[in-house]
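Take a look at the structure below.
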């Protein structure tokens, strides 16, 4: 079984039509897995529902703690792309770490709810990488998978690139 | 670099609005990779554009031959789901085989052009599995990956299941 | 209150993913009205769910009869585009006719379920025309509205044109 | 010929994936008319591209002026819903007015670019009402059409209601 921790990010942003603004409500993960006809056994837990620019040390500490305590050794984390690598670093370097687990962080540049999202593609990718990679902390974006210390986000293009 | 061979299947079906029927025109693969913001280096070749129920021995022989001759050792094949496993078997058992390559077949239950397709999810999955699996012939559907001789399609549910 | 009679047509076609074919199940009208946030008072009745090429005299007779017997004087009929004009003629020329009512037929070139449909646009148009036009039988397609005897469908372009 | 004046509003909001915010770029009107297979003769002019909460007196004065000077007597204005009625009032009461023209304002609660928008439905509706209504200034939302002084927007539901 794969554990999926939801933290929010663009993945789960939606449009609040009364306020005319972007907002978080429920996660779209179950709907996305249904659309993808996923048959992988998963347990989904929403840890928080925030923009990753608003993520604080305490939030990251909680993510690390939840990964550490999870029964599953294979974990996918949906996360805003802006600080995804920061959380990956925290997971990889925390002591005592989550060293024996395979953790894949993924996200989206366009909200799933907005129709032309990369989220479904990235989710299919992350769920696949997490099943076959050895223990470690990874970032899966753009159909590529990077170890946490070998990747940076190019802010002018939105693309994750090898360091 | 990953080679993508397009053979048609539900993946690429679209609606012919003048005839009111399903039809094949161009492949949607480039558009899907753009939507998924894929940054994996790929070369796409359309081998045929047919329903896999219409695929004949000569078509399968051509697929095997193209895989054998491809310079790339990592290959994704988009394929109709009805006979995907037959083509996988042909690839795995043909002599001389394609033994040193990693070949992943994938498809969709709903056409990509129809909005609520599993195609983007499966493509993200197949492109990920093909990068990390050792040589062999695989079927990637429903976020799972099976070796060619360990899978069957459940025709009453449309789900690929382990043998 | 506006009466909506559903007869099927491309509007309501969907993809049967197990058979890989086009099929009719339930009408999408309620979902479309919800998406359009329609606040017009409507009563929806599904009369049949067929391709208009399969519509027979008895089907048309039933549509005429239902329009005649409807309490409402304003009626929208969703209909396949291929024989929409035939049904409009039948409605306009049947004796005893439906003469005191305003009846607007509409349809779609692309199924609503397929994402990039003209159906929502046409439905908004038909519901608007039916509220303001005087009694008569009309065809509303392509944002235009024609009286039943002043329109033909151009089969090579799919466009409804003035006679 | 129908004149379409674009002023922005939710209709044309889109997601800026690098900034993670809502933004205006080009209008989606031409794409929407294409999707709806509109065959009504239109001339589209983008007057401004703003949230209607940011619309100032000078902006409204410009809209009035453009409507007055337009050669066409039938005009559709796409507009944010929050102050749509204010602009309608300005158009109706400005002296010298636009009295001999039929002007229909419309908008959307969900951006067209976000997939599940009411925009296409409203556009089909507005283009239909404008063709048949007598001179005056109207608001077309939720498949209904109101004269400018007989409507209010219910801010808790987002629905336009009769006064």
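Order of writing sets the chain letters: A, B, C and D. Residues in each chain are counted from 1.
Throughout what follows, contacts are C-beta pairs under 8 Å (C-beta built on N, C-alpha and C of every residue); 3 or more make two chains touch, one makes a residue touch a chain.
Values in this document were obtained by computation on a predicted structure and should not be read as measured data.
Engineer: Taking contacts as defined above, which has more of them, C-D or B-C?
Structural biologist: Comparing C-D with B-C, the pair joined by more C-beta contacts is C-D.
Engineer: When the centre of a chain is set as the mean of its C-alpha atoms, what distance in Å lies between chain C and chain D?
Structural biologist: The answer is 27 Å.
Engineer: Can you give the whole-Å distance between the Cα centres of chain B and chain C?
Structural biologist: 39
Engineer: For chain C, which residues are shared contacts with two or more other chains?
Structural biologist: Answer for chain C, listing residues that touch two or more other chains: 109, 116, 158.
Engineer: Draw the chains as points, connect those that touch, then say whether the picture is a line, ring, star, complete or other.
Structural biologist: Drawn as a graph, the chains make one closed cycle, so a ring.
Engineer: Taking the touch rule as given, give the residues of chain B at its contact with chain A in the complex, in rising order.
Structural biologist: Where chain B meets chain A, its residues are 32-33, 35-40, 109, 116-118, 120-129, 131-133, 140-145, 158-161.
Engineer: Which stretch or stretches of chain C touch chain B in the complex?
Structural biologist: Per the stated touch rule, the residues are 10, 13, 15, 17-18, 20-22, 51, 53, 80, 82, 109-111, 113-116, 155-158.
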